[in-house]
Amino acid sequence: MKDKLNVIVMSGTVDKLLAMSTIVSGAVAMGKEVNLFVTFWGLMAFKKGAWMDPSQQKLPAEYQEFGPMMQERMQAMGIQPWMVTLKTAKEIGDIHVYSCGMTQDMFGLKLDDLEDIVDDEKGVAGFIAMCEDAEVLVF
Amino acid sequence: MKDKLNVIVMSGTVDKLLAMSTIVSGAVAMGKEVNLFVTFWGLMAFKKGAWMDPSQQKLPAEYQEFGPMMQERMQAMGIQPWMVTLKTAKEIGDIHVYSCGMTQDMFGLKLDDLEDIVDDEKGVAGFIAMCEDAEVLVF
Amino acid sequence: MKDKLNVIVMSGTVDKLLAMSTIVSGAVAMGKEVNLFVTFWGLMAFKKGAWMDPSQQKLPAEYQEFGPMMQERMQAMGIQPWMVTLKTAKEIGDIHVYSCGMTQDMFGLKLDDLEDIVDDEKGVAGFIAMCEDAEVLVF
């Protein structure tokens, strides 16, 4: 992993978002620059308040039955919701969050409809240009 | 991201294929060499004509309900089908597409059953050997 | 790909595990060091005996119908179960397998509940620190 970690956040299921935010949080703690490109179902999970609204939270279809158990255990263990982890990491570290312009258009979403953590919208070409010296992960 | 982008295309759902082809297209526009290794459900999506046949197109189980809306919006926005984007990128740039030999055998597919964009079949070891100086993404 | 390949194994479906173990096996054959960080549904697939127990094996929801055909073809082709491929690779090469401590707690699993191939448990921060000079893939 280089000094820069760029993550394409495509998935909107809570497991992927939780893993992504935990890894981002760890990378920031190590002093890395992090850039997120939020697209497709990922973007839907970044809609204002979606992370707090059970009706907008999804688990993979294969593992639906684990939902209640996971929620209960996470609460008992004091694991924060993924968006809180991400926001805390952004307060401390060098994180930039870009929404995919094409996805916004497809889903009829404005920047204002998304969580404040999103800095700006960007095209795919613009994001790829930012990947020059980065380790790139897809979630 | 280095001068070479190698992508393992495992997924067969349209969202992943669309994101993959858009990123490949952007990488090619920046002058990068791109190598695709198409395997598992990805290979099924590369069967001749599959990308044009609604009965062979899949969305993730968690997001099935967005299918009609996405199709309508993509048409309205003039977004091309992923295979068209990939073929256009290959006409312009340095893209090589390899099908996974093991998956072909598993699904009883010959090279002739796949879209012309596939250059040749390859084993996993052969593809990994090509990753030496590449950024590697999994879709 | 660098001399070190670090893989985040999040998925628990057989297709992803099979692809992961095949790639790891190829990487090891090329003399690379491999580190696995097994988390979420991946960890459930590493429970003792889970890889041999049909009731604990999953395919992606979109492709359930291919299960019987795949199993039959894999047997006919002599493709080994993914865990056997991974264990064989570990006997030959430099592979370290770490389970995610947080996931173990969430699912109430001890190191003893997991396959012997798991060397130790680790936190996310610890794994990220190991990624410094590695190519990182997410499965």
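List of remarks:
Order of writing sets the chain letters: A, B and C. Residues in each chain are counted from 1.
FYI, contacts are C-beta pairs under 8 Å (C-beta built on N, C-alpha and C of every residue); 3 or more make two chains touch, one makes a residue touch a chain.
Everything numeric here is computed off the predicted structure, so don't read it as measured data.
Annotation, chain B versus chain C: rotation angle of 120 degrees from the Cα superposition, expressed as a multiple of 5. Although chain A and chain C share one sequence, what matters here is the overlap of their interface residues, and that overlap falls short of half of the numbers used. Chain A and chain C have Cα centroids lying 24 Å from one another.
Multi-chain contact residues of chain A (touching two or more other chains): 60-61, 138.
Remark: chain B residues 1, 15-16, 19, 22-23, 25-27, 29-30, 60-63, 70, 73-74, 77, 79, 135, 137-139 touch chain A in the complex. Against chain C, in their complex, chain B makes its touches with residues 8, 10, 12-13, 39-41, 58-61, 102, 105-108, 124-125, 127-129, 131-132, 134, 136, 138.
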